[in-house]
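Below, subunit A partners subunit B and then partners subunit C, in two separate complexes.
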Partner chain A sequence: MDASNYLYISALLFTIGAVGVVVRRNAIVVFMCIELMLNAANLSFVTFSRINGDLNGQIMAFFTMVVAACEVVVGLAIIVTIYRSRRSASVDDASLLKR
Partner chain B sequence: MLQLALEVGQTAKPEAVMFWILGPLAVVASLAMLLVKKAVHSAILMAFVMVILAIFYIAQDAAFLGIVQIVVYTGAVMMLFLFILMLVGVDSSDSLTETIRGLRPIAITAAVGFGGLMVSLLGQATIGRSAVGLSGANAEGNVQGIAKLLFSTYVWPFEVVSALLITAALGAMVLAHHQRTTTRPTQRQLSIDRFRGDSLGTAAGLPGPGVYARHNAVDVPALLPDGTPAAASINASLEARGDMLDYKKFELSEINTKVEEEK
Partner chain C sequence: MSFTAPVLSYSLLSPMLILLGGALIGVLVEAFVSKALRPAVQLTLTLGTLLLAVMQLWRIRGQQSLTAAVGTIVFDGPAFLLQASILIIAIISVFLIADTEHFAALPAALPGSEEERQAVQSGNQITEVYPLTLFAVAGMVMFPVANDLITLFVALEMLSLPLYLMAGLSRRRRLASQEAALKYFLLGAFSSAFFLFGAAYLYGYSASITFAGIREAIVGGGGNDVLLLIGIAFLSIGLLFKVGAVPFHSWSPDVYQGAPTPVTAFMAAATKIAAFGAMLRIYYTVFANAQWSWTPVLSGIAIVTMLLGSLVAIAQRDVKRMLAYSSIAHAGFLLSGVIALNKAGLDATIFYLFAYGVATVGAFAVVTLVRDSAGEVTDLNRWKGLGKRSPFAATSFALFLLAFAGIPLTSGFIGKFSIFSAAYESGAKGVVIAGVLSSAIAAFFYIRVIVLMFFTDATEDGTSVEIPSILTQASVVIAAVVTVALGVYPAPLLDFITNLAIFIR
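Right, the complex of A and B next:
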């Protein structure tokens, strides 16, 4: 099987994640879609590592995972803080700067 | 299991079967993630996609990353997501109605364009080139190969990442820390507030849900003496989720309340 099939699926997952970030309103679901995009990028890294016969791609995917874990921790803390002050997890409600 | 997955990765045919079963499943699950209403369902579908990705990693001779993916993502990250979902609860932002007019068609058009561009680009870039495979790089084992790279070439980024992790943990603690600006109300103060408030309606506590003798469950509001439902008797999150039953079904007007005198 051609390894580039994984790249196609990675592109599809990335696109779906991007749509989710734009379309959904719940901050937590938006966040999950960002995670999906990061995972799609990781799949590309792993596939390229296999295509090139080189482990550097897997190292990059490993670092992406660590950074994604940090991002989740801080991002969810921000969501909780916003929820505490505004009683809502909707990304549309956080529009204080507009008015 | 792991050995089986590794064998799948090394032979062409079983890998193709696995790919054509799991690949569409991953795409469908991630699409469903956008389309389902409840955030908890999105989280479950997300975990499903991540497990499939872990299987893909293992099939592509990245056993270490596959295990890390399951431990870190489905284990830690998704649990964190679910935990925050429980904390934040459900509100109107779960609904799928679009608030910015025309956003959805634009987003879908842009996505189709972007996805088509990526796929055609990939088709141009990799056609006619076969994969080298990792059997050479993984000769001493995948974990050993990664460890060799991580602790030689990438040792400095590795250290920086540890600093990043500590910073993130501290940042989360600072953000989630909640300092009380007012003193905690005492039992006495709460009692005074209840009786000296605007109305005595809640002085004896909120009414319990359910209509005795007809439907005594938490998803049915209690009926007031005049037959109207008592909104305060239902948990607000049940109402937000739309899990409330129609109280009209249990209204007392349906049954004959006339008292007949026995002779």
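Right, the complex of A and C next:
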């Protein structure tokens, strides 16, 4: 099977994630969409690694996973704090700072 | 099977290792040292670590043009200059962070809860901001010296993640501060996803994750240009977000306003140096031969950034938001140095970054001084007549505003002049015209603030200027002295930068 099909899947996942970030209102869902984008990038890395016959792309994918895990720690901490003080995780409710 | 140990060149990595070591000790101090001693211990540790890193950096400056950690880190002239600027700015920012009045006593407690009241009354201050600062500084000094995509991405996240948390630590207006943290985090993570996707396509184009490999693939040509264009575009989005260029600027006014002012000072100055440092390396070395693809777009972004930043700043009634839009305009000025793509542009951008960073920390330091009983006063209307009440604060703020406006005898003039002449030399006339025009617009609102402070009658509303600590005062004085010194006698630093600033490829 042609490996470039995985690139199309990756682009599709990235687009779904990006659209999700823009249209969804719940901070957790927005964050999940961002994770989807990171994983789409990972899929691209692994696919290019296969196409180019070079292992560095796979190493990069591991680094991305670790960094994404760190991002989850920080992100959920911030979202949970906001939820505890406002009883809402909607990104629209957080509008104290003037536009 | 034989195994060869990689050559790490620890001496070149040592400033970063010192910073990370200090940060880890800071985490342990947070856990084991008694609450009463913690602020003093953390401050000493943080300043000591930063000074040690500066000294170590100075010692290894002779060993330029070397790579470390199997080619993932490159240490050349610009690397030394940018790392030194970041560390110096971090030190004067830590002077501001030392005023614990700005930070929530117990960030985990609900705003307004009994738990929080007890923490404030008992004086138990959580001091986790210090290790977070050190982690962020370590990421920042790694960002401009990264020499492959993995290191670049890890450094980007290492500088961003602590900053997201630091934005949410404000003691006053805690909900706004938490909101700033959420916005910064979501948009920052969004942009780093773009960055990573771009990195994947650059890897796909060149079959290499090292900058040298990507450059060779671009120079050699013959690859799939679609992959290259997607790669450059998406990677640039990630970098432009970090510097706050239009149209990726929407986070910065909110985050600048909501974050505790010392953190805003640190973030505004040091993040810009780190991100522009990485941009300089990437555009000047890696993408230099694909100039046709990014110069027009980046010129457009620079023009829009300068004009929009200056125009919207006029309408701001809040000092921190005004400074945020002014920093957006300055991102545009700095971008014109990146577009120049010549030696003069590189020198000018490095000089401008340092001069602007110092003035920014100074300006935010003055903002922390103007207070009433409920904390900082950032409403510009209440800054009326500040010159009569506190000549020190008003005069130094006026000096920093004049430096932002680029008035002669301040560092800003030298910076703007050299960056625009470099851009003109490279043929980017449109960018220079837009730059001069928006400098004029910007000068209007900077001078309006000066008129407001000196030539308007004060209203009695309890706004006063407090000098909370000798360290805050010191950071204002240092920033003012550097701003004037670089304006009156810039030649030594300019020569120093010109001699050193040569990228190795």
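Keep this in mind: the second predicted complex is superposed on the first by the 98 of 99 C-alpha atoms of A that agree within 3 Å, B and C clash if a C-alpha of one lies under 4 Å from a C-alpha of the other, contacts with A are read in each partner's own complex, and residues count from 1 in each chain.
Keep this in mind: contacts are C-beta pairs under 8 Å (C-beta built on N, C-alpha and C of every residue); 3 or more make two chains touch, one makes a residue touch a chain.
Quick caveat, the model's predicted, so the values are computed rather than measured.
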| item | value |
| --- | --- |
| Contacts of A:Leu96 with subunit B and subunit C, given as first, second, both or neither | second |
| Partner chain(s) touched by A:Ala27 [first = subunit B, second = subunit C, both, neither] | both |
| Touching partner for A:Asp54 - first (subunit B), second (subunit C), both, neither | both |
| Touching partner for A:Ile78 - first (subunit B), second (subunit C), both, neither | both |
| Partner chain(s) touched by A:Ala69 [first = subunit B, second = subunit C, both, neither] | first |
| Per-residue touch tally on subunit A - higher for subunit B or for subunit C | B |
| Which of subunit B and subunit C A:Ala41 touches, first, second, both or neither | second |
| Touching partner for A:Phe14 - first (subunit B), second (subunit C), both, neither | both |
| Intersection of the subunit A residues that touch subunit B with those that touch subunit C | 7, 14, 17-18, 27, 31, 42, 47, 49, 51-54, 56, 59, 63, 67, 70-71, 74, 77-79, 81, 84, 91 |
| Touch list for subunit A against partner subunit B, complex | 1-9, 11-20, 22-29, 31-33, 35-36, 39, 42-43, 46-47, 49-56, 58-59, 61-63, 65-74, 76-81, 83-84, 87-93 |
| Sites on subunit C touched by subunit A in the complex | 107-108, 110-111, 149-150, 153-154, 157, 161, 164-165, 168, 173-176, 178-183, 185-186, 189-190, 192-194, 196-197, 199-201, 203-204, 207-209, 253-254, 257-258, 318, 321 |
| Residue numbers on subunit B that touch subunit A, as the complex places them | 12-13, 15-16, 19, 23, 26-27, 30-31, 33-34, 39, 42-43, 46, 49-50, 53, 56-57, 60-62, 64-65, 68-69, 72-73, 76-77, 80-81, 84-85, 87-88, 91-95, 98-99, 103-104, 107-108, 110-111, 114-115, 118-119, 122, 126-127, 129-134, 136-138, 142, 145-146, 149-150, 154, 157, 161, 164-165, 167-169, 171-172, 175-176, 178 |
| Of subunit A, residues touching subunit C in the complex | 7, 10, 14, 17-18, 21, 27, 30-31, 34, 37-38, 40-42, 44-45, 47-49, 51-54, 56-57, 59-60, 63-64, 67, 70-71, 74-75, 77-79, 81-82, 84-86, 91, 94-98 |
